[in-house]
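There are structures below to look over.
In the two assemblies presented below, chain A is common to both, partnered first by chain B and then by chain C.
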Partner chain A sequence: MDWEKIRIPLMLAPTMLIITVLFFGSLGYGLLQSFGYNPAIGTTEMSLEAYRSVLFSAEVAPVFWPGLWLSLWVAFASTFISAAIAIGVALLLRRTFVGKKLAVFFFQLNLPIPHLVIAVGMLMLFSQSGLVSRILGEMGIVTSPRDFPPLTQDAYGIGIILAYLWKEVAFFGIIVLAILQSLGEDYESVAQSLGANRWQRFRTVTLPLIMPGLMSASIIVFAFTFGTYEVPRILGVQHPKMLPVLALDFFLNPDLNARAEGMALSMIIAVIVFALVFVYMWITARTVRKA
Partner chain B sequence: MTHLSLRGLTKLYPGADKPAIDNLNIEVESGSLVALLGPSGCGKTTTMKMIAGLLKPSGGDILFDDTSILQIPPEKRGAVMVFQNYLLFPYMTVAQNVGYGLKMRKTDQATIDRRVDEMLELVKLPGMGARKPKELSGGQQQRIALARALIVNPNLLLLDEPLSNLDAHLRFEMRDLIREIQKSMGITTIFVTHDQEEAAVLADRIALILNGTLQQYDTPMALYHQPTSREIAQFFGGVNFLQGRQDGGVFTCDLGQFDVPRANGPGDGVLTIRPEDITIAEADGPNTVSGTVASHIYVGTHSRLKVRVGEAMFDVIADASAIQTYGDGQPIRLAFPPQKLWVLPPGGTE
Partner chain C sequence: MGHPIRRAAFYFTVGVISLILVAPVIAFMINAFAFRWFYPQLIPQEWSLQAWERLGLIPRAGERSVSGFIDLWMSVPDVVSALWLSLAIGVTVTGLSVIIGLPAARALGLYKFRGKRIVEFMIITPTILPPIAFSLGLNINFIRWDLALQDMGIPIDLAGSVIGVSIVHLVPVMPYVVLTLSGVFANYNPDFEAQARSLGARPLRIFWDVTLPSILPGLFVAALFAFLVSWSQYLLTFLIGQGRVVTLPMLLFSAAGTGNNAMIAALSLVFIAPAILILLVTSRYLSGESSAVGGFGRV
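Moving on to the complex of A and B:
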């Protein structure tokens, strides 16, 4: 036997085993639970009842659909706005200027800070009783906390989006900046000498060149913002709730019968993320080809 | 066709202690091809980028047809650069790459398609429009880069070492193609290279730049046979130097007296003769010296001899058969044809 050929697969096997057991195992078990399989409470018969309940029942559907739209809105807005801001900042940071290193350092400073801390920070700063509101009150600009616009715990998820922007702009930025620095400016110089103005250069050269990296980062950010729990839990409202918060509420319900709905919600989140990622990749690839 | 003037052009990069290019003055005739020649880091590409508008000069002026273009943005100068590493847009087809400049000018698609076909014919790559750059060889990519530049009818074509990434065979082909297209279209062209042979073959005139300073701006033949300094002579390959003194048409040195073609005023000088201009003489006569062969190498088309004459050592390129007659230690007589001798001012580095 040629050991050289199977050496790398063998070395990777322990890692692959852990990933397979943890990822597919939990996914499979979650799927079974969403079909109603839960031996702990004596239900082993499988059906699509939990899905029907989530999508159409008078009890769950009225919280599911608004939650879905809110989740989609928050994920799209966070991803798109973060990417747009990050591209702009990265294009500025690519240039040579006094204090560039310091600027790059500050730009990336919040990368290691947990989302939970950012969410709490947002609440302390921008809630109606937060620091900014109080300072404005002291200055006489607002007379009561109610006069301060609801930037957190609002129905449109503005606080959640702001928290994600705070964090994800740096994530996008570090990726875009690395791509821009590795590409250099020669492609843009060629385009410029061929007559392309600043906007044309950005649209036809810079954007298509950074798009593969940007696309990968967007998929990560979209999937994360669509499926994560802690930020919307802290900065969201009771209604509508983003789907992950809703799923966890069902999962933590003392009534174990609700777990099937929680798992069905989780499966729906996973399917939507996969589907949207696929569509997003298709649209982006098409845009790049057409540019 | 554009006449280009560089007047006192200078570039000092921030933090540098000396300019990358210092007080460069060049006039480039309309429709001519000028080579900026020099070793890496001498300021050639910096000069080209300043002409294209991609770098801002620290001093001096750039004029197209006697009008300063310093205030004109790069995209409106019509000075199109072709880079050493082609830089075809990888996500576009060949046709999209070639038509890029016209698309940016909002030319209608039918005209773009027609012009793209013309350009692909011109660079001898018809029917390649649907391919992606990665499907082309290096030589083909460079041709497409050239077509992409030519399609916009540039005022000035700027070629930055366009042949250096190609192997020898492709280099010759591309060199001929560039010359053919440049002559037929009559585009004023600046060509950056570190290869003196490439510059000599392609250019109407060569601007030799060393350490950011223009050393000589002349025809290839003048640079080769009538350099104005020892550094220039050395840049164009092995030259034999003899220190001495010129007075009228006679140069006197340790080896004797030599007739020289031009009667400079009396003074110290350096006599130069290229290895291929030295001939092997049958008998003593004017402008001949006697010595012994120190070493010899056969290189197929010719022989290379090192000949010791007194304290001096001469490099000689003789025909291939000379190797059979002149082995190491053999006596040999060398003749220096007066019309091939050139006297430089004294000084310069060895």
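Moving on to the complex of A and C:
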């Protein structure tokens, strides 16, 4: 036997086995079940009934559509705002100064802290008797917890977005800071000597340079904030529910018919994320070709 | 930044931003030790270890000696048992993922071959697609496979067991281990192995004396990330463990619904301690290299 020929497949086999069986196998079986294939309750006929129900039925559609809009709103707002904040802070921290190491450590601190913990932290900071409410109380701006607006477990997902901001600012920040430091300030100095003001330098020099890294990080963050379960479960409300929470609720429903709808919801989440990644790859491929 | 006022303004801004960024951790520290913390007090008037005593992490006053601690921890309160379980699963998953992922990382880092892009795509996909997308199907698959195993007379339960949870954690962990290590192998020169071979070294010895020392720093970082990703898993443990595999995130999640802020904060501090330790150790490797940082994106 020719060992050289099968050496690489052999090296890849264990990893690919895990990923194919556990990940793609499960994704595929979830897809089958979303089409109504469920031998456990004796249905093996495939249909689009679960999708029809999720998208149009009088029972499920009224929770699906608000959930979809909420998910899109939370994911877009979290991604955009945290990227903007991270750029600002990274621009501030890129120069050399005494105490920079400590500042960068604080900048990174939330990076390894699990999302679940940050979500719990938001309850302690922004609930009506939380730390922020107490600070305003000390300043005499609010006098009782009821004066403080409900920022956690609110219908607009503000608490959820806040949790993602704390996490993703650190994530974007480390990426942007690394790009800025590897580039140095030479390009901007040239622009300055040519008479560009601060905003022009940022808009025409700095931003285009950090854009590729920023875009791929944005895709990761958007996919994550769109599809994570823990944060909206802890910081969300009964209605509207973000799609991952909705999917799991349907899946865990004792009524086995609801399971197909839960599966359909999880497939819709997957399709939206996939579509986004493809659009992103298409755009980058096009800009690369242009350049 | 020569002017003193500009410098003061700069440090003030950096200070305020830092304070905001670490605010959640500060909130945990205050809440975990606060006692009778009435609104709108910003700083509690009284401090206590009550939450830590109720969690069974610190003995009652008067018993806080070394033997008091040992007695308490040996009686294995819920939190201590969850701590050990989280650690055991994390270490198992880390070890497994490195052993399974190392050859694949080498293949991807060192060689060009047909279908390489498809392989890379398949390995990256689990890092992009939300866990909810595959974990529901996996939950049912595990139950089906358990039935099949039973029919074959193999009494292993995957659903609801520590084994099953450890296997499932491999899905989010493997991609980061393989991607981080393939980056290491991309800068690795296999010629040294050929030299050792020509000098008569056996494969295992070559791995131990030549390969391992040169990939060790990267391997170390990959292992820490693998541990961290496993350590912070909630959804997969919840779905596959079926409530019977009680790790730290399980405890924290159920505590979050109780409204007992002191206990929630104390649990959170226990939960994030290893994470911050790992950050301290790895921060100098965090040069923004996407595969390594990507691990943090999923925590």
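The definition used in the following text is that the second predicted complex is superposed on the first by the 252 of 291 C-alpha atoms of A that agree within 3 Å, B and C clash if a C-alpha of one lies under 4 Å from a C-alpha of the other, contacts with A are read in each partner's own complex, and residues count from 1 in each chain.
Note that a residue touches a chain if its C-beta (ideal position, glycine included) is under 8 Å from a C-beta of that chain, and two chains touch if they have at least 3 such contacts.
The structure presented is a predicted model; accordingly, all values stated were derived computationally and were not measured.
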item: When chain B and chain C are modelled together on chain A, clash or fit; value: fit
item: Residue contacts on chain A - larger count, chain B or chain C; value: C
item: Touched partner set for A:A191, first chain B, second chain C, both or neither; value: first
item: Contacts of A:T79 with chain B and chain C, given as first, second, both or neither; value: neither
item: Which superposed partner A:S129 touches (first chain B, second chain C, both, neither); value: second
item: Touched partner set for A:S218, first chain B, second chain C, both or neither; value: neither
item: First (chain B), second (chain C), both or neither touched by A:Q153; value: neither
item: A:T20 touches, of chain B and chain C: first, second, both or neither?; value: second
item: Touching partner for A:I175 - first (chain B), second (chain C), both, neither; value: second
item: Superposition-derived angle with apex at the Cα centre of chain A and sides reaching chain B and chain C, degrees in steps of 10; value: 90
item: Three-chain overlay, closest Cα atoms of chain B and chain C, distance in Å; value: 9
item: List of chain A residues in touch with chain B within their complex; value: 96, 186-187, 189-197, 200, 204-205, 208-209, 288-289, 291
item: Complex contacts: residues of chain C adjacent to chain A; value: 1, 10-11, 13-14, 17-18, 21-28, 30-31, 39-42, 100-101, 103-104, 106-108, 111, 113, 119, 122-123, 125-141, 167-168, 170-171, 174-175, 178, 228, 231-232, 234-235, 249, 252-253, 256, 261, 264-265, 268, 271-272, 275-276, 278-279, 283, 286-290, 293-294, 296-299
item: Contacting residues of chain A [partner chain C, same complex]; value: 8, 10-12, 14-16, 18-20, 22-31, 33, 89, 92-93, 95, 97, 99, 102-125, 129-131, 133-135, 137-138, 142-145, 166, 169-171, 174-175, 177-179, 182, 213, 216, 219-221, 223-224, 226-230, 234, 244, 247-248, 251, 262-263, 266-267, 269-270, 273-274, 277
item: For the chain B and chain A complex, residues of the former touching the latter; value: 14, 49, 52-54, 74-81, 83, 85, 87, 89, 91-92, 100-101, 104-105, 148-149, 152, 158
